[in-house]
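Letters are used for the chains, namely A, B and C, taken in the order the chains are written, and counting of residues starts over at 1 for each.
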């Protein structure tokens, strides 16, 4: 197995270049993606359900809760967002539990591009990243130049991470190369003038792709195009992250790593609201990818209400009493 | 810091095991006629759980008489009334399922995750299913008003103690028979708890009788002249002895015996799910499963990839305390069984197969065996032919579907087989050619009360489960 | 005899798992066999019928998609809940049908046992109504029954409870959902049954119960394009012909009224009446 390199590193680009034959044209890419092993839906769901029965108690639970908090991309993506709302969220991200300063800070604050500057300012010196959705989030229905401009704007405003959406229409109609090229160009748009780059998360909107076979294919497609992270959902459609879809993406990341040595991160987003759910995801990471992925650098939760449930459970572990919503902050 | 799962033990407090148990005959617990007892231990700790009676020939006679006496009224009850007794039993099992799951894990050594999520739900479902048949026998396809046989003598194994009890007792009672059941020597407790469930359900005395004991008790039950039906699940050796015993009598017999199932993986299989299916096929219940997928037949073109994935997956299996909710593989049921597994594994190495097991720490007391894989196995190796009945997988290869079928069928057994491929027509072609009673495709070790189960060839005869399972208990 | 004034129950319809009054705001007087007032029952309108069909259609996907085992468990649960309210139903049936306590009790007991009988059919009907077909060719060929959809049922007029259960249970056990029009003159046992159904793990909308004038509610149901089948148990000959004619418009499956003895062994007729057979072919080859 080749030595592990991060997806955002220089070596990764070189390794991807060595796989250029599978992405040379639409036909080659199609043959490659359709040659990946199939996914048996029933078996995948059964495996995810079995992992969901792991019982995480006491010290393991305390570890998992703090880990989960540190992996949150605390998110607000509403038409009604204002600088005030974003600043409040940033404050919460820095000190999630005002009564307990030992609570870890979150990984990133995730906002629309026009809120990036506000968030950047509010988070200055905190070490918390600013993540921005881009590319005509959430539908992704805009011309490529618009999507690239959207991305460059966010990067210029200081975004550390870009969460792009793929063109699901193109993917579902079989124009794989077009999806591939778009991701590549967005990745290039993430590069800053100084040569460094915002990390790129690629959102699939798996609820719209519907089949597990599609999820495996799009995962490989995005990783071949240079995704630093692959992400399930926008949180804006009926079906968001589910344990089987996330497990499948973890398996794709594992197989991609085995093949290339490139380490790619995974971000389930939408619908993860309870500590119990979050711990199920961490168990999946632990038993599919293991230790190297159990850090905020390689696994994230796209969530908002999850944080308060984690904090209440954290308080319960500390005091022995069940906490209530009056003892955590609304934002 | 790593994500180590802290111990998550299921509470033992939900189950109250008495220091000793008698035989359950005619609705009462009583000691054996000669006062003999034996101990039952927890295989994960060697702790003595209780002392149970060793039924003698006289006890067998008394139990059969009680069952015979109860038969007259029980068989004359309207089917709808028998149905309601069985529904009651099913419901009480559901209510007491956690208690019974803990008990089963203590006495058998299987992980609580399996006793809780597999055994107990299936036990209750089996009683529900056959409860529904009790008043519908006219519709079962055996002609109008099919009649019960009489007294059923039933002998069950230690691998799924309560589930095998359910498979035996539910259809017997639904069809109007009465039973004398002997649980395995190493796992008598859940059957004795079932006696208490019969009491709670108000089941008439003598309809169900439970005799604990060893092989001699079972032999006496099978040979008893007033037993009309013999049902046995266990080893092929004992099955053959039973077939000889009943020769020349009117006794109806069903035998559910050993297996050496092939789990066949093609190069177009859904590979992650195939790996799960292989793991489930051989490591479920420590491999103490007659239909276990103990021979992995993998297409040569995908062998390396599959074995890498399988070994990686085996490294995440958690072996240990059966009552820990995160345990995947529990204890081997007895010292005797552990010795048998060890001997066959030694033979595998001696015959030149390559042994591999993940690094795993085994507890110091109790009976344990790490999940094990043999590569380089051929049809000529003992580990490819003999039933190991433990967590040991023999890997063989094939090149074409014809060869896969030939190798899969090249065994005296014929209980089950697995097929992994994305191609539907090949699944059905393979299923058609395989000489086995249950074929799983893109899954393994699935059970349902509505689905008949049983073997070809030396895996036994007769079917349990489903509409077909009624036939064994009806005079048809 | 206490001086205490009893609290009377307001009887309501049962639609989509909720207990609405008739949207029409109408009620009608229900009396016992001697003409004494028992209660005011909702006089359902054609709009109530329309709402009930919408609720039944909405529930169909989930209920028909539930496992047979699960549906059997729910039906058995209904029997359990009914057993606990046996005395109430004995009194209601005695009033409704002018029966002695003992005879009413026999009706209620038979109705409870009927739920148990049908509960058991959930995972067995496919085993007697389906199966492998040995076609002449390299094909796997399997027929299995599937529920037909939304069924409108006119409950028997005379047997207000045993008859009612005998026409509901066979429809829902196989996965169809139902809109039931209760016995016109004796609707109270039916409306009380709804309270049992609502507390038996039965998803809302699987059974929808309407009371009122049979002919008035049945007409829109028989003509409804989103109803798949019609059980005319509670229709007289004239009404039955009219409804069957209307049902022909979208080829509803129709069970005609017959001289039914509801206490007899029900057999499988009503189970099979609301099932479609689906046959699947698949080639066998390497």
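Note that in this section a contact is a pair of C-beta atoms (placed from the backbone, for glycine too) under 8 Å apart; a residue touches a chain by one contact, two chains touch by 3 or more.
Here the structure is a predicted model, which is why all the values come from computation and not from measurement.
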Outermost chain relative to chain B, judged by CA means, is A
Can you tell me which chain is nearest the middle of the complex, judged by mean CA position? B
Roughly how far is chain A from chain C, going centre to centre by Cα mean, in whole Å? 49
Between the Cα centroids of chain B and chain C the separation in whole angstrom comes to 41
Rounded to a whole Å, what is the gap between the Cα centroids of chain A and chain B? 44
For chain C, which residues are in contact with chain B within the complex? 68-69, 72-73, 76, 80, 113, 116-117, 119-124, 127-128, 138, 140, 268, 282-286
Contact footprint of chain A on chain B as seen in their complex: 1-8, 113, 117, 268-273, 276-277, 316, 325-326, 422, 442-443
Considering only the defined contacts, which chain A positions touch chain B in the complex? 37-40, 42-44, 46-47, 53-61, 63-64, 67, 251, 282, 286-287, 291, 294
Show which residues of chain B lie in contact with chain C when the two form their complex. 80, 83-84, 87, 91, 125, 128-129, 131-136, 139-141, 401-402, 424-426, 428-429, 431-432, 449-450, 466-467
